[in-house]
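Down below is the structure, laid out as structure tokens.
A, B, C, D, E and F label the chains in the order they appear, each numbered from 1.
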């Protein structure tokens, strides 16, 4: 049994529990170092896992040694490993930022951070629908804790909204999972794939409802229109490292949509073939459009970033909705880009806000900031990344998605929305950039307590990773294309999970 | 030291007995387990229950319990009849029972006893714990009720818990 | 159609040396270097920028001869071959021409700017931006791949944004920069769309392929949208009407920037694109109509407005617009000769306009203003500069002996040829002549108004000749104007020919660059234009008055500003219309989405809702419980504004639910539900103390009706789902659990075995959630201060009795009993209803009971309040138990159990799952107590600060 | 019986939905509680209704209820308990930070009157 | 015979459970209603638990006495609940058919009792 | 005979439930409702015991035991709220 599949879940869980245990026993600096070591280990583990699955093997880990579909399995295919690595990398930089001081305000930052990673990795790796629910709850609750640390009316309100709407979402998840279990009698996602493909026509209505409700839940997590309203405020309300880590949280929803889309709804012979097709693309496009309008309308930088996240999510889901090998490959490349770039943007935004005195992140005039040159350059680069302008990964991803969209019937729509929302994003970022960085009243010097240049290092490093995404786009897109191929031929996944002699087992 | 190891000598066998009741078994293994728990739990709860309870006249206690059970049955029948006849026939009233019992546990047990027998509920204890106000469902003669309570319940409790 | 002769054989010559890549990359790297060296002295950055440009030129030199062989040089560095996107560069005549202009004029601008910039302007930043721009521009003209071209195209937009906003303290600079970025950004995105389509049509993004497949491209059904998108890109970049307005506003940039961007480079990128794709896209009616009309309109409008600009740079800017229109028009006409003329005018315009901008910069620099109404008679102050400027203006006006005349003659000839007696064909030559007359007029104005026309008005300082080296670039450019104008055959002809060849993708038609072609229609038009220009300038005063009256009537820039404001306003409106910051709306939208899609799922197919299973008959007690539950739920809803009352009813609901679980064979669930219920009630009560006791009636009627509707649909929907499932015979995987629970899991309570074994991982996640809730709440409590109610809800003081004696005394009695029960439930859980979770809750409740009845202080003296270690060790115990199986090479959480026989004691079963359950127990106890205790402590914390 | 349970699930859900849509935190918490009752009952119902056949293996048992949904409901109960606790706490925090218990933190007229 | 005893016990228990709730529903003020549940607790549930003990003890699987525990718990807790309810009702001054002793309704202990000897459970 | 007795008992306990539920809904005061809840706890114990006898299953015993305990805590907490507002102080 290859324990490597399990390690991305185990490492943060153990680390989280340990950090909780030593909360009072060890000084903060030691705990920070422990945390950092754990995340570094996590990155290494994720990398090792990715290398193991690059050749197309699907690694299955049967928890408790119970075979699927009876026990819970963790499944690492290219997609899962990609997501886990992405999470770990993002977490590393978010943590590097946090341990410079912003974690001190929280009573439980260290364990919550690790448990959030536990939830994220678990959600990406699990092959069981109900277990996915559990991990959703883990990562949500961890994120609530992280979101709410520190006070402030805005943060509390955003947190309340975020929590309540997600709780309603959790209820929906249970209704959906229950319905699918009621019809198909199983919870393993690979097993469900087989059962849902060969449904008794009489059960079709229920199964469709279950699947569509599940889609609603995932769409909520992915902040798809019309369920996106929670995102900008929630992301804007939290502290920078947490917001950066949140950048991967919506991707859990995206991941889940991609997973079920390819696993359940892609087989043209299956009973539920094309179930999401009428919805996913239009909603993705509307999300993109509204996101770009929101970005233009924002009066605060972090709200604006939130809306820009929506734009990127729209593009991402467009790529998934197209359902082609190339589009999914493009989407997966873009996913990595947008996650890291968004993370960097949030880290940078706090740096900017802290240098602007009382104006903070509000898009109004403020005294010129110290180190404006460095910040300006970083802002410029991150804006280019986020707006999808050349020459960086954002452009490449967008280009690839559009290229894949070309021979589809909705081409005109996709082109129109993507290009126009891109324009709006440019306008919005030019506006905020010139307000934040160009239009300054004379400098008042460093506000008291503001950090030095070193604070910008994690964001810079994340941008460097994005540059890496650009330079090594070819091998990366080779990988994402292989990932897409693997996703579009789910039989391998299903066989790996259920074993080949599936017919003999069970009932 | 002894007190530390076995804080409530009565509690251990009681808990062991209850354990055996719980598991519905008399096996030696369960007895051992019961003893273990009966020893561990008082150790843990020692701080919650500092004053040692001493039962002075076990026979009186047994008689008290039997009387109580008998009273419960009788009172049940009486009150059932009252209820079935209809609400117009009841004559409720509050009576004040002056207390001879001093300990918290004693007063509490008395109050519980009163409440357990249908027709009376101990409703209020004065702040100085000298008077227990009892609500009775159908009281024609308050003094008699108070006397009954003191005689049938308080006296045996006094004998068992506070003999001096 | 292209009257193409023998096409050039586009064989790709691969060279090992990647010098083209270097040409493009050197400025980028140089930009960083330049910015860096400026720390060590501002002038060093100027030297560095010059050196970088020279280096780039040097890199280009070895390849200079290649285009003249007639074959383009193509160099490829693989990047993303799978996407058809490589770092592939191409050097042909057109690219060479442009590269030379970019580098050559770039070098001159660098020299010029060294003297132009003030001491407090950050020079390093300026040169860094300039080099960024230069590299991007070189990338455009040398790119072989359209997507690569586009990337550099966008980089020019971005770097020009930086250059235009260089004086960031100036509002016009910021606005101009943003406007330029917006318009060119729009164009860039359109171009992306166009290139995507073009690549799709041609099957490749490489120019070699595209230029060779013009026929196929023009015949493709996607040709029209593609062309429109590409032209949109070209027109916005080249400031063609109606996108011309950004260019004059970009004049807020330092003049060297204008001299560079708006003569030879940035705006020429659009023209370059027209030339580049000319063989592939031109020759269709659509091309002609779009390109000609844009060119013509721009030519005329630009010239007209230029005449009336009082701002020196404004005049030059609109003149640029007009000349760009001219070149566009030439490509629109589409004949090979017109294309040659277009290429020629690109060169000529670059030289005279760059020199004019530089001259304007000198004037601005010396006078402190650019307002021609104040600047007069500079001839007396700076005769040398005046001479240079007048030569360049003459070239701009198309006066013979200057280079502008030559290309304008070719232009007139093409315009005249266009006239073929068809109904509207006269429009072109006539308009062209009018525009040229206007050009003559504004050139005249530039000369007369600035250098003559009386004395200057209130200038800040007395102007004089600038430093010598500031004039050198102008001298060089003016010299080129003259040399080309007089000796075209010796100077420009070879470069023009090779450039034209590559534009046409065939050997360009014979063209004679002589100054004198005889008395032909072109000459006549030239003469008319010159005379007309003189006339117009003579009549300038009434014309100025007319113009002043209509000023701002149709200002595309203002229109753009309004449009942008309108778009932002609309964006605000749309955004706030959706995002009202209302949770109720958020939840309602989620519910509407779920209900809608759920309905689609259920009603979208014709499947029966009711299944075929045999049903369980209802019995009386179930009916009563169900009725009670339903009534209770409704009562909670109806009474919800009386919060405490609603809370009591919720307690009943939990009890009845537990009863239903018990009734339908789920004792474990009943136990769990009961325990959770009580803890929840305690929790709600703790919270209610700090909240209003009543909910105000504040929902509007509409809102209530909407919510009732949603609620009703949700109720119907879930009823339907439940009914559908309950009436179907189930075929599930549960048989496996029943079969393997005892032999495989070592427990006969299958539910518990599932929880701690089959799906133990779920449970691990679940206790993590519980732990997280505890930690999250604890974290949230920090600094939280809330006043509780000082009076009870009916307005009376609270009861004096904190801890009623009877209650306190008896609940102490209960503690050992409850703990015993807890142990019982824990130990039997694997085989009978129970388990770690319920046991944990019982323990927690037993302890909470102590808090309830004896108070915090009393209990805290007896119970250590720090629950974090308990939670942590619970999590660790669970995890480590799971990890124990690693030792035996089994996966996480693999359970083991064995029956141990001890003498006397009997059979004991030891299962690893019990250890796991212990972890569950600890987390439950720890978290529950952590939550409740700290919530209960909140009021005491409000008065005295604790941890 | 199936109809009874189905309707019950519907009623609980409907009441939960209505309360979740209220403007004050406390009713929302109550609504979430009712919703969790509804969904737990639903999840439980996916194992179909069986009377008197708990999934405790014994020789005499005539049959067994589907244990899996029960286990799922158990997990769901615990999770929703944790979540409820969290929301309750959050509503207190909101009350402290926002000065009232409106879910959006609006101070409204009725609060003053 | 066993069946008869069982049936009688069951019926008795159910009957008293019912009467208790009937009292709760029928009686006219809170204090009198408070007496109802005592019936359900004591004789009602008591009889049923005895019935259960008898029933499970006579099925050949050994003695079943753990029902006694339920009784024990109920007998400790039910009176305390009743006491607290009455205390709350007095505090809230609910309508009473009987005359309420004035000091039992007081929100604060009367002055005379302030100095009464008390240990930790009494108001400071 | 036993099953008849159990059936009648179910009816009686069911009727008891109805009574308590009515009191719960009708009130009129909060102590009335708490009392109704308390009564329902006791009635539930009765019902579970009956159910155990009816189904011949001892698996309901723990539930009955737990109700005796949990019901008490619930009632105490609710009463304490009425008396003091702050239930843990």
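Annotations
Just so it is clear, a contact is a pair of C-beta atoms (placed from the backbone, for glycine too) under 8 Å apart; a residue touches a chain by one contact, two chains touch by 3 or more.
All values derive from a computational prediction rather than experimental measurement.
Common neighbours of chain B and chain C (chains touching each): E. Closest to the protein's overall CA centre, chain by chain, comes A. Judged by contacting C-beta pairs, the busier of the interfaces E-F and C-E is E-F. Chain A and chain B have CA centres that are 62 Å apart.
One inter-chain figure worth recording: chain A and chain D are separated by 28 Å, centre to centre, where each centre is the mean of the chain's CA atoms. Here the spacing of chain A and chain E, counted between their Cα centres, is 56 Å.
Distance from the chain A centre to the chain C centre is 17 Å, each centre being the mean of its Cα atoms.
Each of residues 130, 134, 137, 141, 144, 148, 151, 157, 160-161, 164, 168, 175, 178-179, 181-182, 187 in chain A touches at least two other chains.
Annotation for chain F: residues 10-11, 13, 17-18, 30, 34, 36, 56, 59, 65, 69, 71-72, 76, 80, 82-83 touch two or more other chains.
Among all residues of chain B, those that touch two or more other chains are 18, 22-23, 104, 111-112, 122, 127, 129. This structure has the following touching chain pairs: A-C, A-D, B-C, B-E, C-D, C-E, C-F, D-F, E-F. Only residues 10-11, 13-14, 17-18, 21, 24-25, 27, 30, 33-34, 36-37, 40-41, 44, 47-48, 51, 59-60, 62-63, 65-67, 69-74, 76-78, 80-89 of chain F touch chain C when the two sit together in their complex. Contact residues on chain A toward chain D in their complex (touch as defined above): 130, 134, 137, 141, 144, 148, 151-153, 156-157, 159-161, 163-164, 167-168, 170-171, 174-175, 177-179, 181-182, 187. By the touch criterion given at the top, residues 51-52, 54, 56 of chain D touch chain F in their complex. Those residues of chain E that touch chain B in the complex are listed here as 16, 19, 22-23, 26-29, 31-32, 34-36, 38-39, 41-43, 46, 62-66, 68-69, 72, 75-76, 78-80, 82-83, 86-87, 89-90, 96-101, 103-104, 109-110, 113-114, 116-119, 121-123. By the touch criterion given at the top, residues 792, 794, 796-808, 810-811, 813-814, 817, 821, 854, 858 of chain C touch chain E in their complex.
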